[in-house]
Structures are given as structure tokens and as C-alpha cells.
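Heads up, there are several structures right after this.
Both complexes shown next keep chain A, but they swap its partner, so chain B is in the first and chain C is in the second.
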Partner chain A sequence: MSDFFLTAEAEPDEAVKLALRRIDEAQAAGQGSDVEGLRLNEVVVNMGPQHPSTHGVLRLVVTLDGELIKDVIPVVGYLHRCKEKLAEKRTYFQYIPILDRTEYVAGMNCEWAYVMTVEKLTGIRPTRRAEFIRVIVGELSRIASHLVAVGTFTADLAPLGTAMAFYTFRDRELILDLLEEVSGGRMMYNYLRFGGVRYDLPSGWVEQCRDVMKRMPKLIDEYASLVDDNAIFLQRTVGKGVISQQDVVDYGITGPNARASGVELDLRRTRPYSVYPELDFEVCTAQHGDVFDRYRVRMDEMRQSVRIIEQCLDMLPRGPVQSGSLRAPYVVTPPPGSCYVGQENPRGEYGTYIVSDGSRYPYRLKYRDPCFCNLQLFPKLLRGNKIADAVSISGSMDLVLGGIDR
Partner chain B sequence: MSGVGLEVGTLKVTMDEIAADLARDFAGDLEDVRIQEPDTIVARLAREKLKDVARRLKAHEDLAYETLNFVAAVDLGAQLESVYHVYSWRTNTWIELHVPVPRAKAEVDTVTDVWPAADWHEREAWDMMGIRYLGHPDLRRILLKDDFVGHPLRKDYVDLAENHPHV
Partner chain C sequence: MDVFLEILRLVVCVIVAYAVVFVAALVNIVFERRFLAFMQDRHGPNRVGPHGIFQSIADAFKMIGKEDFRPAFADRGMFILAPIMVMIGAVAVQLTMPYTKGFTPGDLNVGLIYIVAVTSFTTMAILVGGWASRNKYSLVGALRSAAQMISYEIPMLLAILVIAMVVGSWSLNDVVDAQADYKWIGFYMPFTFLLYAIAAISELNRGPFDLPESESELVSGYGTEYSGMRFGMFFLNEYACMTIMSMVAVTLFFGGWHGPFEDALVIGGVAIVPFIWFMVKTYILVFALVWVRLSLPRLQVDQLMGFAWKILIPLGLLNIALTAAVILWVPHWRWGLLVVGWVSFAAFVGLFDPILKRRLRRQRERLPVVSS
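For the complex of A and B:
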């Protein structure tokens, strides 16, 4: 029973001990509180893992001096499902659905990263129609993911309550319906295959998608009109949690978080894959790297995704959606070797590093998850801010714990 | 921001030129340098030389491998391996460093002081594969609980009853 209930003699865990030790060290170095020998104002507070604003099971051990954050120790792993170990006992094909469950907000993009790695190892080339379908579903997934990010982020800040979250989640269903029609699943797609995709687009789908894309820019403008001029929203976001370009370089920050700091790092452009070189779109950046810029970059990216999808629908060629024989995607045995392929996920560079020993099972599979890398910057970003800003900054980083914990 | 190549790919070089540069400046350090198309250099490196080479790779005037992408630990059976994937903004290319680590004494120097991003990745490699990164500021388990026994991604890991107290 004592494992489940906190008793008086329960030991604090390693993270809390570390926080307490750091306070002692600071005090010994004369940087502690102003009264000698007393931990005057410094309190160690657990934020999470069940805190609603942590968007999952992120736990922050926060050392507070009044309202000021002195130190933060993120604790992750509450959602660890042994995904890297699971790869050892599954064939390459059997492993595809597990990718949907790593970063479950943008499952399609995660599948894509894995499928691209295996394709590179084996030399399988997807058909041209399949490439276009992949870009379409990938960008749809990006819009859906950004809608979640923007909606929950504004709900955390609460100048509007959860109004905007309701709108974004309502319109996300438009996109999830499209993805459901194409793959059979709302969020757990299991759609991409080595050398192609599972099903061709159903009849009438292209027109339906065009219709949603026509409505999307207006909807995005509607969200923007709700918060962009809101004084409370601006006060809580502008100039808060600035990520410098040096941080981007040091900590490997990627995705909208890096682009908001003025870095034009977008793997769709800098390490082009699929048919992106043929498409016309802008890499959205902002200058200040603060919370507001990260929000704005996501809004701009949704508009660019709409542009990409519309172009793909126009250019969509006829032909098969699967290369090779019918059996080809099910039995894949890459030659011995290793390789890493990164892909531009809505949150940044998502990729898998696969070591093959020539058998039907991956010998070792390792994820490079953007949130895992971005979260490392957290202590540096939060130090010196007010505790209330921890919520807005963590919301603007758009963390998905399923990806971090794997 | 001084000294940070934040425009991507300002230096236009071919992969062959990069491989030649590395062979010249890191002769005797990097072994088996080969090109993995389209944009990655793969090389092997002795663990004693890791920290020194990491510093020089980061400070290299043309190539400047400044951002660590991830660290992967691999169990190759006879030995373990610590793999570093590093990005060069200036050339928009990657380098993949394979550092063999003996099973019996699974220790290697940390690179957190060269690439700060290595912090959590090294913790994860310690957690999952049991490679001890010497000099790491805070080498705790990261994904598994504090009192977990063993390193589950090693191929010889046997699931222990004490890791499942509630089953």
C-alpha cells in the first residue's frame, strides 16, 4: 500500500532531492535568501504530472521565491511505453501503427518519418501519386496539430476562457473527418506503407478536401481576430520566454520554436524530401522568439499548409499508390547497416535512427523527438519568470508528452 | 549573434570536399570516413579522442558542427556503441560519429560541455543502455523510475520481478 499512498516517512524522489540540494548549494555560495541560515522564501513545488496546463503528464519541480521561478527540473517518463524495446520483437511492417501512438497529435507525420527511413535503408521508391497523397495527409495533419497547439495554448492563458479552444477543436474535426475517410482512423491512421500508402483516395474526397481548404483561411482569420488584439493576451505573451538564436544552436531547437527566433530552419526546404522541392510555399519566421511569435508562426504555417495542399490537389497525378508487388510492403528486409532520416513534424525535426542486421526485425530503433530536445531548454527559459508565465511558455512550446516519453 | 551561422547552408561545398577536409584535418582521429548519400558523413572514433575531436569539430572554421541532433546508444553484442549525430549549419550537412564502448567498462566522456543538447540524450543512453558518461553534470535516469534495476535496451537484459512490484 505504501507504494500508492504518501506517508509521513515517504522519501522525496531524486528530482526533489536535487532541487533541495541546489538550494543548499546556492545558500552556501551566498546566493540564497537574504536571511542567513534560513530558506526564507524558497519553496519547492511540484507542478504536474496531473496539472491541466502541462498537456499530458509533464512534471515540473519548481523552486519558487515568492512568485519568481528560481529553478526548474522537468521530470518526464510518466508515459513511457517502451516503444524502442517493442521494435525488437516486431517486423518492420508490424511496427507502423506504433508510430501513430508516439506523438499522437500528428501521427501521420511520425509514420512518414519512419517509413522514409526504412525506404532509404531498403531502396524502395514510393510512386509519384503516393508522394502527393503523403504530402496532402501530412500537411492536413500539420494543420490539425497546430489547431490543437494554438487552441490549448490560448485556453491556458484564459483571457477568453476556452472559447478559442472550442473553435479550433470544432474545425479540427473537419480535417480529422478527411483523414478518417482516407485511412479509416481518426487519429491512429496506420496509413503509410513502404513504397506507397494503404488506400487510394476515396471518390469525391478531392472535392471535399478542396472545400475544407477553401474555408480554412477564413477560419484562421477568425481565430486571429479573437486574440491578436486582446490586451491581456498580448501582455502575457509579448516579450515572454525569449529563445535566442544561440539557444537554437546549443540545444538543437527545431520547428516553429526555432523559426520564431528568426532561423529559417525547415527540413522541407533545407533537407528536401518527397515532392516539396516542386511546391511553392514560404518558410514562416518571426523575429523576437517570444511566446507571441511562436503562436504567430503556427498561425502562418497553417495558411502555408493550405497553400501546399491546394497545389498538391491540382498537381495530383494518376497512377498506382503502391510500388512493387502487392506483397512488397509486408515483407521488408533491409540490408545490414544504419541510417537516420529526419522529417519536418509540426513540432520540429522528428526522425528515426534504425540499425538493421539484415533480418525482418529492426535491430535497434531510436527516436529523435523534437519535444524531447525542446524541453531541455525549459529550465533556462523559465528561470527568472513568474510562475504564471510558466504556463504560457510551456503552452507556446507545444509539447506532446507521448513523443517525449515514447 | 556573433559567430553563429544561422543562415542555413551559406558555404556551398560538395560531400566529397567535406570528406577530404575531414580526412586532412582529422587524420588519425576519424576512421572509416564515408559518405552516406545525400548529406551525411559517417565516421568511427576511439572513445579516448571523443572530447578533443568534438571540440575541434565544433570549432572547425569551415565545417563548424555546432548542433547536436541526438545521441543513440546501440548494443552491438560484443561491444556497445555511442552514436552522435551532429549538424553543421554552415554546410547544411550532418556527421554521424560512431564511438565504440567496451561492454565490461561502459564509460565514455560526456560531450555536454561541447554540445549542451547532449545532456538529456546522454541521460537516456545511460538509462536504457547503461553507458556511463563521465563528467556529466546530472546523470540520473530519465524515462524509467529512479529505482529501476538494469538497462532494458541491452540485448542481454532479463526482465526482473523487482521492476514490477504491483503485478
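For the complex of A and C:
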């Protein structure tokens, strides 16, 4: 008996201790076991940080009553790398590569958010060609990121999804190849500069990109045909993990997760930046806010991204990709002050807040990471669901722990 | 002396059965990994031997060489017993299998019931292993497994009952004999085969019914605390059972060892060609099993139970009633069964999926639109 049950006092782990204490409180309040004479019918289970289906090192301390989830305590910090503190010891320019490593699935977009913030602080204006290139690589990065999201989410549901994950990762290579040609890196790009981008597009790249964009909608349709009409997939996803619009507002949910609940919140439209006002695209929304809708919104967004990229390739102007002199981006000393710029990352609003004291180093840098805010909803979202749903719901939220833990 | 010889024969048969089980498992593992890799557009194991065919032998040696680890809290005796027990079911079924014309290791006159009885040994081993590990994942996995096996053994038994009614005997040899001249039961009772196949896949704990070890939620279910060769035993058993269940299905539904050129090659009173037919048919079904696993997402535990109790068992009972009625009242009852079997098969296949999808679609339309 004592081998199995640890009391709250004897438990060394703080999160588990909290979970056990909550069980005790619930029992004291008369909401304990429904079986006569049984002291405890709830078990506290660790999902993560080492668990096959937590993406990264998310740890959920789950209180289970049989298959039912009674309580969830997310524990973060296993991937903490002092990203914010590092900014204070580096010049503005030296900090760009670190951005790739915060939310590593869509590094390009993170760089973009930071670069835009510094540009706003200093008043540097990027060239027009650079703006278009930024939109192209940003949207490519968004497609790659959504491919990972959809693939891993379906992989959580089943072996079928494993096949789908392989297909999505296979086709993500097409995009990573494009980004590699342009920047030299597959995940850690270090490509954007204050006032422009590092390199111009290599010759033949535009045609290559057009080619990939021509293939992409067919590939997306292929994924959709694998699962969209599958009865078991629908059973597992329809009506599960519903996020209401009130929750979206209360918890600051952004990105596809918010749009799946019918909130038309897309910073590319609502707080436009770069050349997005000139581009024609739809903000994809759904109505029900369940797991299936979140999956569908991501699929639709990939199609929209393809549209955006094709337009940009058509409109791409000639000219320099770096404003000012070639040395300009390396030494940046913004005037004292502070600034926040949010950017539509594939997972939601990713913004950086920078306080400058007029020196070459940021005085303080703070992120607004979409995953961190989306994670706050987990306890509310998972409570009352089956343990199998916990996996599909957390998969549909698409968390990246690099951004949460920083 | 006769008794001694009989015992000797049985001992040899058991040893051979163990060998067959292990070899079948090793073959299946490589086959499945290669085939999954092919379907998923990747290479799979292709380094050990030509096309990687010795990969699972290499894996087996690796697992034997691993540390014999046992968690401190584990129940020592039961923890060791479970991996030993897990193979019993597979081996015991082998012992009654009519492999070829004139060779059945042990012909039982209650073979059909015996099969259903001994296959639950696997469940017991899983339950024992899951409990003895003293791990929450293991326990939940083991309990899921027990619930699932109990639920799905009933439709399986109902399907087998129909065969006993048609053949008029519980003996596997009689079942095979009744299917001579291509009167394969699977041909005129496809619906019964469908029921059996669904239940059998579930008994095997394979996708889409692989809940006990659903790795995305329970790490690896009952096997979480097992490592090295103890884990290997569970793993081998799962794959051996693929072959065993396919063998049973072939015996019951696809004419066992029957096929053309049955007497072409006879060595020492044992016909070789029928054995080849038997194995060919078996591996066609194994192939189907791998394919099914690859193509379907995993069910959820409540959906799984609902499917067994609300759909499979009523249909199984209905199937029994229909078959009994046809046998009793229709003069040429085999033709009657042919009609009834294919009509119900077509109805199930044609209606079940669209009805389910329509229900889901309607459920989706009826979902409340979230708003503030």
C-alpha cells in the first residue's frame, strides 16, 4: 500500500505535492471517492518531461480518476536557457541568432518580430525589396511550421498519423531547402538584419520557389484526403477541447487557436505590418473551436500562405536588400525609450518588448510568446476529458517549448 | 510404451511450436517494419543482411545482452512470471493447428473452444505484468487490456460458434475437412469472417485497437517497466500472435491447408504442398493486418467498448440467429448461407461507415458555435 501512495508531505516534487494536496482538499470538502471505503481513487500521473507525446519537454502533472482527467498542473522551465537575460549582455546585432532558438520551429518569424522592434526604436526603414523577401521567407516558415504542427498532431492520434507525419516532414524539406538556399541554415537562419536582410535571393530561386508553391496545394489536399473523412479521426477530434471566445479573451489566446473559435484575430490584418496591407489573403476562421477546427484552420492557413507567397513573387521589386550603408545594421544604438511590436507567428502573437537606455545593449528584453499564453488554458481545457483526449488536445494546441521556457 | 511415445511426441511438438512462434515473430517484425517504412516513404531497417532481413535477430541478441533490470517496488515473482506466461497462449494454440494433410500436433475434439480459452493467457500475462510493475502507466494499460479482451472475446466466440453450427463439430480437423473442394467458409459466410477479424485484431492489441500500449498517452502501457529480454518476450509475443491469429483465421475461414496439388509431394506421410498453401494464406492475412494498422487512427477507450458492446455483440447474436434459421429451414442451406452472408456483409460494409460519418457530420453541424 505505502509503495503506491505517497502523502503530500513525503512527496519531494512541488507540482506533485500540489496535486496531492488538491486531492486532499477535495476529499475534505466531501468530493472524494465515490466507492465506499476506498480512501483514494485518484492517481497523480506525470506526463513528461520525458513522454512520447509531449512535444518537447512539457510536463503535465495529471490527476486521474480512472480514465478521466480531474486536474492538470503544467510545469514549465525544463528548457530554460536565459534567453531574456542573454540580451542584456549582447549588442542588438549580436542577439539576432538567439531569436532563432527561442521558438525554433518558426525561427524566421521570431527574428522578424525582434528586427521590427529594433527598427521601430531606431527609426530604420527596411527597403521595399527586403520587405517582400521578409514576407516570403516568413510565410514559407509558417507553412513549414504548420506542417510540423499538423503532422505531429495526427501522429499523436495513431499510426496512420505517423505516416502523415512522415509525409509532412518529407514535404517540409522542400521549404527548408528553399530557406537554406536563401540564408544558409535549415532551422537557425540568422537572416534578417536591421533595415533589410542579409543576402539577396540567389539566382533561380524565384522560379524554384514558384515551383514548390505550385506543388504545395496538391500536397495539402493529399494530407486532407488522408484524415479529413476518416470516421475514427472525426470521432477523436469533433467536439473535443472546445475553447470558447470568452476563454480566448480571458487567457489571451492568439493565432490559429483563437481563429478556430471564430475570433478574427490576425495581426497581419488587425495590426498590419510590412507589406501585408497590399496583399490579398483571407483570415481563416472556424466556428466551433474544437480540436478538428484547430486542425482545419492550420490546413487553410497553409493554402493562404501559398497565395501570399505567389503574390509576393509576382510583385517582387528590384533594388537593394539593405537600407543605408553596408555597415549600418551592425552597430545600432537606439535612443532611450521602450517599444513593443507584435508579429503574427504561426502560433499566435509573438512580440518583443525592448527597453533601451541609449547604449549598444538592450537594457531589458521581454518576449510575449504565444505558446506560453496558450498553455495557461490547459488546466481548464483538459479537465473532465479522457486521458486520450489530453494527447490530442495538447497536440492541437501546437506548443513549442523553446518559446515557453525561453 | 505407447504412452511414452505419445509424451515424447508432444514434447517435440512443444519445442517445435516454440521455435515456430519465435521464427514467425522475428519474420513478422522485419516484415512489418519494412512495409511500414515503404508506406511511409522512408527506408526502414536495411543494413543487417540483404534488405535487413536479419535485423530482428540482431535486435534479439542486443536485448538478451542487456541488463536484467527490475524496479525496486516491483512484485518480484509476478514481475518475472509475466514474460514467461505471455508466450503460453501462442504456443498452446499452435499445438492444435492442422498444418497439413495428416499432420496435427494434437487433435482436440474441442479445438475451437480451446483456442478461445488459451488465447486469454496473453491477457492474464499482461494483467500480471502491469500489476507487478507497480507503475501507473502499466496499471492503466493492463486494466485497459483486460477490459478490451473481455469485451472482444465475446464477438469472437460468437463468430466461432457459427462455424461450429455449420460444421457440426468443435474439432479443427473437422472444420478443415468440411472446407474441402473450395467450399471455404469465408466465401459463403463473409460477414462472420468480418466479425471474427475485427475481434481478432482487437485481441491482438493491434491498431486501431492498440489501446493497452498506446504510446502517445500511456508511454508503452503494461510494458513500461520492462526492459531487455523481458520486454522482448512481450514484443515477440505480439508479433507471434499475428501469425497465430492468421493461422486460426485461415483454418476457420479459408480452407486451412486445402489448395491445388495437395498430394504432389509427400515426405514421410506428411504432405508438403498443403503446408505451403497454409503458410501462404497465413501471410496474406498478416499482410492485411499490417495494412489495417497503418491505415486507421486509434480508437478511444469508450469508443472501443461501445463498438464491442453496442455493435459487434448484437450483430454477432443476429448472425447466429440467422444462420441457425437458414440451417434449420432452408433445404439447400449452404446456398442460403451464401446469400445471407454476402447480403449482410455488403450491408455492414456499405452502411456502417456512411451512417457513422453522417452521424458525426450532423454532430459537427449541431455543435454550438462558440461565442461570448
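To be clear about the criterion, the second predicted complex is superposed on the first by the 388 of 406 C-alpha atoms of A that agree within 3 Å, B and C clash if a C-alpha of one lies under 4 Å from a C-alpha of the other, contacts with A are read in each partner's own complex, and residues count from 1 in each chain.
The rule is short, and it goes like this: a residue touches a chain if its C-beta (ideal position, glycine included) is under 8 Å from a C-beta of that chain, and two chains touch if they have at least 3 such contacts.
All of these numbers come straight from a predicted model, not from anything done at the bench.
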Does chain B (first) or chain C (second) touch A:405, or do both, or does neither?
first
First (chain B), second (chain C), both or neither: which does A:231 touch?
second
Go through the superposed model and pick first if A:244 touches only chain B, second if only chain C, both, or neither.
both
Touching A:391 in the superposition: chain B (first), chain C (second), both, neither?
second
Report for A:197: first if it touches chain B alone, second if chain C alone, otherwise both or neither.
neither
Tell me which partner A:252 touches in the superposition: chain B (first), chain C (second), both or neither.
first
Contact-wise, after the overlay, does A:349 reach chain B, chain C, both or neither (first, second, both, neither)?
first
Give one of first, second, both or neither to describe whether A:69 is in contact with chain B, with chain C, with both, or with none.
neither
Could you tell me if A:140 is touching chain B, chain C, both of them or neither one (first, second, both, neither)?
neither
Where on chain A do the contacts with chain B and the contacts with chain C coincide?
3, 244-246, 249, 262
Contact footprint of chain A on chain C as seen in their complex:
36, 39-42, 73, 134, 136-137, 140, 207-208, 210, 214-220, 293-303, 353, 356-357, 360-361, 363-364, 367-372
Chain C-facing residues of chain A, complex
3-4, 43, 45, 51-53, 64, 67, 154-163, 166-167, 170, 227, 229-236, 238-239, 242-246, 249, 261-262, 287-290, 292, 386-391
Contacts from chain B onto chain A in the complex sit at residues 1, 4, 6-9, 36, 39-40, 66-70, 72-75, 83, 85, 87, 89, 92, 94, 96, 115-117, 119-120, 128, 138, 140-146, 152-153, 165-166
Give the list of chain A residues in touch with chain B in this complex.
3, 13-15, 18, 76-77, 80, 82, 84-85, 244-246, 248-252, 262-265, 270-271, 338-340, 342, 349, 353, 355, 363-364, 366, 368, 372-373, 375-376, 405-406
